[in-house]
Structures are given as structure tokens and as C-alpha cells.
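In what follows, chain A forms one complex with chain B and a second complex with chain C.
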Partner chain A sequence: MSDAAPAADQTARLQTRRLRLRRDGLGSRIGVALLLSLLCAAALIALAGHNPLEAFLAIVQGAVGSQHQIGASLNRTTPYLLSGAGVALCFRAGIINIGAEGQIAVGGAGAAAAALALAGAPSLVAIPLALVGGALAGSLWAGLAAAIHLGRGVHEVLVTLLLNFIALLLVQQLLAGPLGQPGAGFLQSSLMPRSAWLSHLAGFDVHAGILIAVVAAAALSFVLWWTRFGFALRVSGSSRLAAAYAGFSLARLTWGAMLTAGALAGLAGGIEVLGMHRRLIEGFSLGFGFKAVTVALLGAMEPLAVVPAALFVGLLESGSLAMQRQIGVPTALITVIEGLTMLFVLAATAARR
Partner chain B sequence: MSMMLDMRGIVRRFGHVVANDAIDLDVAAGEIVGLLGENGSGKSTLMKVLFGMLPPDAGTISFRGQPLTGHTPAAAMAAGIAMIHQHFMLVDAMTVAENVMLGWRDAGRLLRRKEMADRIRDVSRRFGLDLDPDARVAALSLGRRQRVEILKAILRNAELLVLDEPTSNLASAEVAELLTVLRRLRQEGKGIIFISHKLPEVLEICDKVVVLRAGRVTGRTSVAGASQGMLAEMMIGRDVTAPRPPMVASSPGPARLSVKDFLAPGLARLSFEIRRGEIFGVAGVDGNGQIELVEALAGLRPAGSGAITIDGHDVTRASVAARLTRGLAYMPADRGTTALVKTMSVAENLMLRDSGRPPYGHGLLLTRGPANAKARALMADYDIRARDPSFIAGRLSGGNQQKIVVARELDRRPAVLIAHQAAWGLDPGATHFVLDRMLALREAGAAILYVSSELEEVLAISDRIAVMARGGFAGIVPRGEVDPRQLGIWMAGRAA
Partner chain C sequence: MIEFLAAAIRIATPLALAALGGILSERAGVFAVGLEGMMLAGAFAAAIGAWATSEPIAGLLLAPLGGGVIGLAVAIVAVRFRADNMVTGLAVNVLALGLTSYLMRILASGGRPVSMRLPLLTALPIPALSDLPVIGPLLFAQPPLTYLTALGCLLMTLFLNRTQAGLTLRATGENPEAVFASGGHPARVRMLAVIACGAVAGLGGAVLTLQQVGTFTDGMTGGRGYMALAALIVGRWTPWGAAAACLVFGAAEAFELRLQSFGVPVSSYVVQMAPYLIALTVLAGLGQSSKLPAAIGQPLPSTR
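And now, the complex of A and B:
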């Protein structure tokens, strides 16, 4: 065992890496869950009087059929990846944060406010600062939840959930007041200054958000596995008693995880505003933050595995629009598939004892 | 005498590990068979096979003349095999009678409380269980709760009872009562498998003994004529029951841990000092303030009033991390969720409390390469038998898990060590190992607080012995002046 230690170390490291992704075959279970939910979806499509194969083909074509469609899919993936990775980090630490939706909304408002204030600044200044503004706003919102949770002992599920609704109303209020476009007739802000628009890759309809999201997920994975903070998070997620015994401050860990997740969700909101709509619109987050929970679970709470999970949801949703156009299967069915996926994945992951 | 239970050639593998290698075990009616073995020797696996919780890879089981193959735990129970677990499966808020009826078909859909109470009283009298059917389980002592489990087994017509470490939670008077009950069961023709690490009890109660080591039967003997040394040798290949060489009287130095007028919830006012090179043993029945004391010292519970100093530095209100840097090591009694993270690897558990220090970490980052190398070295030094540092800690035997805790806490070269039930549930070999390490640490000049409900252990290694009762020390005596009768009075007289 002790001879050839470096080689053995290497194998050990590889094994741990593999273990992370498929602790007790978690990966394959999630795979089976996905397969089962697709089978159910096929049955539902058939019941609705359409050919499931045709429908799936339409989804695939709609998702990756052209450069434009690939770009649209990646854009759709971005908010899921950012907020899902943050939620995964919280879950790893045993903090059930379901407040991403509100953090996205507030983050969008923060980025919009910053971008409008920076009108006239060059892109190199305006874009980063506006995105930082979004991240800070998201952090602030998550920090509010952390403060109420830690300070008053209110369960984090309640606090994060309820703050979502307050956040959505807050953004509405902002759009009716200081951030609103006068005389627009809709609850929306003025168009962002052109210098704050996230540039699109030539030929593809994809903005830089996906790159930011992938880098963020990789960074989170690094934090989780290679830093002391990540180690402390993992310990406290497995056993709070052990974390206290190890000398980790639970309050500090909660702050760290919540502020990070809030920043990522806020960033997602900022990217939606600067990259997609170019203005702050009421209800611009289409439940991204709620589905982020599904995405985090689908990614087995591992930030890197959240990448394919977010991609799956992004492709599915983007492709389903094409399916509706081409063969008339309503996109609502995709929501059903997502719900089924969530149920199957939860059942598959809960089955391990 | 025909055999009640006949297990032949049981083989069970886990990957490359052969947990049971062609094991034969038989039990006759009216016979108590001791099943001995170190942690990880294959006892639990064998019992899981018997109960149908694990299918064997080879071998046959026959029970009262009927083959048992591919059976479920429910089928094993229906056939008349009952397991009394170390941790009782009772609902505290319910009465004895309700617990007996719980999940039992024959109790009927409509509960016949009176009839059940009568049957319980009847069985209780016959076997000397001394149980009141209307008593709430929460109000019962651990010994009585165990007898509720035995009662459940008897009422459900169990013919073979498997008792897993039945005495580990009991005070000595309760152990004697349990052994009396077991003798009654034997008279009535029940078969009993008695799993234990405690050799004196095994010799006292069993008719014959089967010893396992590394998945094989290494000894099979009638108890008549067997000695503790002989059994220990079969278990671990050497005799560890030989009396320890007398402890060299310590020449205690200055106080390293000092506790003055300390008061916290669950504790009476406490003042004591532990000096350099001294082991201060705390004996007493569990639940008399031990956990409150050690957790307050470790910084896991808020201090009420008073002062705790380590090497002259006040740590009364210091955080766990600050106490760690002052040199305070702590081995909690709760290994499952406090001392270890069972879902994490051996290496990660070894660095649990030191992740910010080399070789485990540097600044904010973990240094995995050096940490793995360090883990490998500690695994060798402390004889932690795991395949490699990435092995999941929860899959190791209890003894190996505790060795991780010992390695982590001692490798830091602590000034003060608080050890709570450090050898609890360990086999003689592992216990010996832990006690030896305590003595080595004492040699190295640390101050050690050794808290255990096993009086033998405390007496074996302590320079001074205190008896804890009702949150305070009923008395403190130096090693040379120990009077066992006095200790007993302190323990019993003021025990909760």
C-alpha cells in the first residue's frame, strides 16, 4: 500500500473525484431518473395526440438546429447555471436557500440602476461595474435573509422564500418610480445605454454571460474542494455538530454561502438585463430562481455538474419553443417534464440511505 | 442435544474483503454461546446474514430443523430469531405495553390492553424481568429498557435471542440483573448468542465461545477451563489482558489545565487542576454531568461563571478554534456525528480540526498532496486499517474510526487532552492501543482528563481519580489511596 505512493495518491485523488460525482452511483441514478421522466413525457405527448419521436426531434432541432438556436439555448442556460451553482453551494452547506428568484430580480434592478447611472462611460467600465452592481444587490438580498435567519432564528426556507415575493414587488415599485420609463405604459425601465450591452458573439446569438457562468461554476467547484472555506461548508453540511467541534463558525459559513449564492443570482439577473432585454422589465426572471433548485439537485449539488444540468434545462426550454411552433405541442408540457424530472431525481437521490 | 441453530460454511465478501470466511456457528436450545471478536472481525456481518439483512455468498443456515435461505429479517423474526440491539428500538413516550404491541400483528387491530398487560406481568414474573406494563419507557433505566426488548422477544415466541453488546450501556448492578435474566432464559430452553468485548462477562455467562478474527473462526472452546488471556489471544493473536506494568509515579509539573469555581448548566460548582504529566480520571455513571463538563471545557457549551485556563491563559470564553490553538485536544464520546464526518474520507477526517495548518492547508487553501501524504503517515503510525486516505470513514470498523480521532487529536501534540469514553465499544486490542497512547501522551508532558464510565479503564491509567455524581465530584483520590468500596459508595450513593 505504501510503495509507489505518488501513483497511489494519484489514483486516490482520481477515485475521490469520481466519488464526488457518483457517490453510491448517484450519477447513474440521476441518469435513470432523467430517462424515466423522458419516457413519461413521451407518454404524455402521445396522449395529446402527437408523435413523441417527432416532438423530441423538434426539441433537439429547436435547441441545437442552427447557430442562432445554439446561441439562444446557451443564453437560456446562463441564469440557471449561475443561480443553480450558488444554490448548490448553499445546499452543500446544509442551508436550504430557495431565494434565488428574488435575488435575481433585485440583481437585475441593481445592474440596471448601475448601467443607467454609468451612461456615457465606456463599455470596459460600464459592463463590469453594472454586473458588480447586480451581484452586490443580489448579495444584499441574500444577506438580508441570512441576517434574519441568524439573528432571529427564523428557518432559512421561510425567510428566503418570503423575501422572493417582497423582491418581486420591490422591483415593481422601482419600475413604477425611480427606475421606470416615463410614459412607457409598461412596468419597464428605459433602454440601457448601448455601452452597457453585453456583446454578442458574431454569428451566434450568444452573449458573454455563458462564459461568466461557466467560469463561476468552475470557481465554485474549486472553492468547494480546494479551499478551507469549502471544506468547512462540506463538513457543516454533513454534520453541524462536527463543524462546531472542528471550530468552524456556523454563522460565518452561513454568511459566506448566502452572500456568494446571492452574488451569483444577482449576476444572473444583471446578465439577463444587460444581455437579453437591455432593459429592466417586470417579471423578467421567468422562475429561473425557483428552477435553480431543480438544477442544483439535478447537478448533485456539485457546481461543475450543475453545468450539464443547467444545459439540459436550457436546451429543453429553448427547444420546446420550436416544438410548439412546428408540431403544436404546447410548451406547458415542458414545464410538466421539468416537474417530472425534479420528482424522479428527488426520488432517485432520496433512495440512497 | 440437537442444534437449534446451525450455520455452516458462511462466506460473505465485500469486494475484495472477505468479511466471513467459511464460518460455522451452532447454538443448542438452552445454551448461551459467546461470539467474540475485535471490531471488524466479522461478527456483525455474520449476524446480518443470520437475520437475512445480507445474503451470504456461500453456506447454509438451518434453524430448528428448517433451512433458512433468501429470508428477510421479517421471516427470521417469524421463525423465532430475535435481535436485541445495542441501541434500543423503543418509543420513549409510550408505555411498556404499548411498545410491546407496536408493530406486532398478534396485538390485533383493536388493542386489548388489559389482556396484554396480564401477559406482560406473567412473562415478567416468569423470567424475573420486573417490568410494569404501564410504566413509561422514558422513566425506565437503561437496564429496564433492555429488558423491555427481551420481553418483546419472548412474547413474540423467539427461541433464539441475539444480544449485541448488551452490557455496554449498563451500570454494574444492572449487568448482574441482566445475567440473571439470561440464566432464566437458558433454563427455559432458549438459545442465546451473546456478543461482547467484555471477557469477564463472557466467561461468567456463556457455555461456549466462538472467536472470530479477520473473518475466520480462530477459536472455539467451552468456557469451562478457558481464561481471559486465552480468549484475548484467540481474538487478536496476543494476550493484552496481562496486567500493565505499574505506572511510573508521575512527577507532576505545573498545572496545565485549571478550572476554578466553574459553573454551567447541568454542573455543580467545580474546581480542579490537572498538572503536566498527569492523567486525571473521572469515573461515574453516565448522565451525571460528564457530557456537560467535557463540552464546556471544549468550548461547545457556554460557560456560566468561573474560569478555565490552559497553561495560564484564560480560555473561559474562548472559541473552539482559539482553544485548539492553545493546545486543547478533545476526543468526544459521540463518534458518529461529532468526532467524525462519516460520509467524508479518512484524510478529510484526519484534517477536520487542522485544515488551516500545514501540512493540510496553507492560508485559505487546502494542500491536498501533502495532506494525503500526512494521512498516509498517520494511518501507518496509528494502525488505521483503510485501503487508502480517500476511503470513506463511515465504512471502517468502530475501532478504526476511533483511531482516526486518536491520531488527529494526538498528532497535534496537545497541552491538554480531554478524552470522553475514548475506548467505548472498542475491543481489547483497540482499547489497549488507546490507553497506551494516553500514557505516552502523559510521558510527553500533557495534562489529560480521562472521562469514562468504565471504572477499570479509569483505574488502569489515572494518577488521580474523581467520581462524578449529580454534576459535581463526589470525591477525588490519588491513585495510591483508591478504595474500591469508597468509589462504589460515591458512584452509587449519589448517582442520579
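And now, the complex of A and C:
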């Protein structure tokens, strides 16, 4: 490994990262945080003049009330799980990657371009290649952030944020130009060739994306806990100094974590395009970046624990439409719950010195 | 040309006010990622005040309160509980987005946001000065919050560099242990700075609702808080520097509007990237900063 001991000024900069959790009673701390945010949500529902219990019941029924709704909930969960697991990996290493939104957008464009180019190929070729195209595009976008961050010392939060805005505009530009459907009137691509559609699993209203996402989360957990790279990531997340003295290359770790997270976010974008919309549409990734951060925090930055966290957010969102329709509580409540959950989890788990 | 400069100033004003708030927070040692949420809450509170009373002044008074509440949330979680500054900022941005959308809808009670047509703050031409050719209409016939922004730059510079409180605030961002050793309360300073940041950024949001748009829409800040954050870094954490950076971003956006109105055959999406590309390029060009407050983002040691 190259840069063994960091220079003094770099050391000072390294110490500014403290995205660490208290390990003692972590599960119950997160549980309390979740409970508090739901209590606040209940108060807001009551403020609107509705019964909180009825509203929560409507969410549950809307999310898991029928086989179709369960499928819709799982489909919603998929992109949050994929991108959230990647964000969790970055957070573990103390890299605050909030670029999932842009990486998902670019990944969707990559997958759409690949699928359109592969029109006529059999599904067994078209789907994997299109998804790989999405993952590569997402990786590329995350790699751009890593290059600017490492090369020029710009904080990764700013780089990934600004690249999110640029990515959204880039996808719009692609839809206005080469990828767009001529004469559609909207910014959207042509329909994906049928052979590239991610079809529903036999007998369920859910596409294969959720399986890919769970396998990816498990694989990421394996990498984090059973490989040298994962160990180095965890060390650098706990103490950048210790990682540097142990001879781990911080630059290489950052590249690894960012490219992996970018690939997962890009994959999420590809799955949205091939499985949900079946075309690339403008702004399909809006808000996904923050949800990825929410589920990463709620899942205690542990890829496997991100599975229930993403499921929670997916169910909440999927059921919120029923809540709005039946009870009259606006779906914006879900965004409030997500914001509150992040805040309470942060407060409840912040490491003390 | 005059129109172009006027547009640049108009676009820069909310950014510059938010950046002024952000300087308070960052110089005290807390990253100001929450500017977006503070602006949004301020814009919302201003809209509610002006809508409920039909007086824009009431909105002006409520705006710092809205932003300050978000600042308080950051102060509690990031300073008191020592959570990561950056992620806390993101969390309050999500919270502000959700809360303002939710409240707009329950005000109307029908699932749709309440519709508002707000009275706008009108331009206050300064006698004599506004009669000057060219610069008169450009600089001295502005609405009140634009004057406040310029005045704010001056006051903030004086506060940071010429007052004891400003010195304590800067010391808290550079070396909180020294502040503690000399009998100060670094945690208190940081909390107050972040709440004040919210109040000032809230006024920045009020520029949008009370001076420019005349209504409140979901997520209407649209990333302006993040641009303000980039501006204060580009401006090296100084009020005038940040304001200059905001003017550059404003000029980039104004230029984009001009191109569109002239029908220049350049894709609008590429042109819209300009402010973000400029911000990214300048940040990358400046490189790693030695001017960054030394203790920024570092939680305070527990002092009991």
C-alpha cells in the first residue's frame, strides 16, 4: 500500500469524519428512535384532525392488504435496498456519499441505452447486459465524484450533491436528444424491447429486482465482515489515523467503496427502468438519494440490516397512497417520518468520545 | 445588459442571505448542509405570515422563526448529541421538505396544497441615488431584502472581525478547547450560531416567497441552499467573498435565461448545468482548503 502515514495537515482533515455509532444497545436505540418519529407523526396526523391509529392501519392495509399490494411494496423497496446498502458501505468507511440520486439516474440511462441497443437479443443476454450497463454507468458517475474528491480535496458531500443536479440534467439532455422518443411530448425514451423487461416472478406481482437486491445486500455484508477490504473499510471508518498507520491506502478504500456504491445505485436505476417503468423517464430517481441515506442510517450501516430498513420505507410509501385516499392524510407525511427517523437515529446512536 | 445584471442580482440575493447564515454556522465549527431546509422553512413561514395577515411584513417577521426552528434541530442533534454534521444537515433538509408540504396540505384540508397569492414586498427606491444613470435603477431601487443582504454582508464582516462575540465564534470553530479554557462555552456558542444561521437563511427563503415568486410551492428552494453552501466555500468563509460567489452563480443563471429568450440553439439542459459546473470547477480549482475552520465538523469533548 502506498501512502503509509498521512501528512500532518491531512491528518487534521481526516479526523473530521465521525460517522460512528455507539455499539452498546444499538438495536434498541434505533428502535426507540423509530418509535419517537412515529409518535411525532401521530401528533401531526392528529393536528390534521384525523385519527392516527386509523391512518397507520390504512398504511398497513395499503401496503400488505393484498397480494398485488405486497408486490408493489416489494418493488418500491428494491431501489432503496440496493442504493441504501451501497451508501451504508460508504458510511462505514466514513465516506459520506450522498450521490445515490445521480448515480441511480445515470445508471437508469446506461441500462436503457444498453437495452435499446440490444433490441432483438434474447432475454438471457439482454437483461444481464442492460443491468451491467446500468451498474457501469452508476460506477462511472460515482468514480467521477471519487476522482474530484481525492484529486482536488473537495469534500465528497459537495461533490456528490453537485453531481446529483448535473446527472438529472444530463439524463434530461439525453432524453431530449439521442435516447428520447421522438414526438412523445414528454421527456421519455421509447419503450424498452420486450426481451429486456424484468418480468414478474411466477405467481407474484413482484419483479426479480428484489431478489437481486437481497443477494447484493448479503454479498456486501460478506465483503464488509469477511474480507480484507471490508476490514480496512471498517478500520478507516472507526479511525482514519489507525487505518493510515495500518498501511491501508485511504485513496484505494475510497475508490473501492465509491465504485461499489455507484454500481449498486446504477443497478437500482437499471432495475427501475427495466422492471418498473419499462422506459427511461425524466426524474424517475427524484428523492431516491435521501431515501438511500435514510435506510442506511436506519439499518445501522449494516448491509443486511438495511434489508428490513428498506422494507420499512418501501411499505410506508406504498401504503401512504391508501392513507391519503381513505383517511385524507397527505402522503407528504412519509417524508416527515423519514426526516424525523434520520434525526432521531443520528441523535440516539452518535458515538461519544 | 442592465436587465442581465438585474437578473443576476435578483437570483443572487436569496443565495447570498443563506450563505451569510452558513458563514455563522461554519465559522463556529458546524457544517451548514442544512441551509436548504432552513431556507425552505423560512420561505414557508414567510408565506404563512403574509398569507394569514395579508401583510408581507408579518411574513418577514416569521421567516427567521421558521429557519431558526430547523437550526435548532441541527443544533440539538449535531452539537448536543454530537452526531455527524453533514448527515444531520441532510436529515433536516428532508424534514423541512416533508413538513412544509404536509402543512401546506392540511391547511387546505383536501389533499391539495392551499393556494396562496401573496402581496409582494415592493421596491424601495432610495431618493436621489436611484436617479443616477445606469447604477441608480440597478442598485438603488431594490426591494427591502436585497438592501438587507448588502447591509448583512457589512454587519457580518464587522461582527466577525471587530467584536468580542465574533472572535469567540471564530475561536470556537478553530480551537474550541481554547474557548473552554478561557471560560467560554463552546457548545453554547455553536448552538446559538447554528440557530442564528437558520434565522438568516430563513430570511433568504423569504426572498423567494415575499419578493420574487409570491407563493409557496413544494421544495421551492430547489437546491439553492446547496448552491449557497458552495458559494460560502468558494468565498472562503467571508461575507463579501460569498456574496461575490453568489453573484457569479446568479450571473450564470441569468445568462442561461438570456440565451433561452434569444432562442440561441443551445440545449437548455446543458446550459442549466452551468451554475453547478461552475461551482464544481471553482471548488476543484481551489483545491484542498487551508482556510477551512480547523475544528469544523468535530464534536466537542464532553465537559461535565
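Basically, the second predicted complex is superposed on the first by the 325 of 353 C-alpha atoms of A that agree within 3 Å, B and C clash if a C-alpha of one lies under 4 Å from a C-alpha of the other, contacts with A are read in each partner's own complex, and residues count from 1 in each chain.
The working rule: a residue touches a chain if its C-beta (ideal position, glycine included) is under 8 Å from a C-beta of that chain, and two chains touch if they have at least 3 such contacts.
The shown structure was predicted, so the numbers you read here are calculated from the model rather than taken from an experiment.
In the superposition on chain A, contact is made by A:W226 with chain B only, not with chain C. By the touch criterion defined above, A:A244 reaches chain B but does not reach chain C. In the superposition on chain A, A:A332 contacts chain C only, with no contact to chain B. In the superposed three-chain model, the partner touching more residues of chain A is C, compared with the other of chain B and chain C. In the superposed model, A:R234 lies in contact with chain B only, and not with chain C.
By the document's definition of touching, of the two partners only chain C reaches A:L162; chain B does not.
Judged by the document's definition of touching, chain A residues 9, 12-13, 15-16, 19 lie at the interface with chain B and also at the interface with chain C.
Across the complex, chain B is touched by residues 1-2, 5, 8-9, 11-13, 15-16, 19, 23, 225-232, 234-235, 238-239, 241-242, 244-249 of chain A. Looking at the complex, you find that chain C touches chain A at residues 31, 33, 73, 76-77, 81-84, 86-88, 90-99, 101-102, 105-106, 109-111, 218, 223, 226, 229-230, 233, 267, 269-270, 272-273, 276-277, 279-280, 283-285, 287-290, 292, 294, 296-299, 301-302. Residue ranges of chain B in contact with chain A, taken from their complex: 298, 300, 319-321, 324, 330, 332, 334, 337-345, 348, 351-353, 355-356, 361, 364-366, 368-369, 372-373, 376, 380, 387-390, 392. Of all residues in chain A, only 9, 12-13, 15-19, 44, 47-49, 91, 96, 98, 148, 151-154, 157-159, 161-163, 165-166, 169-170, 172-173, 176-177, 290, 293-294, 297, 324, 328, 330, 332-340, 342-343, 346-353 touch chain C in the complex they form.
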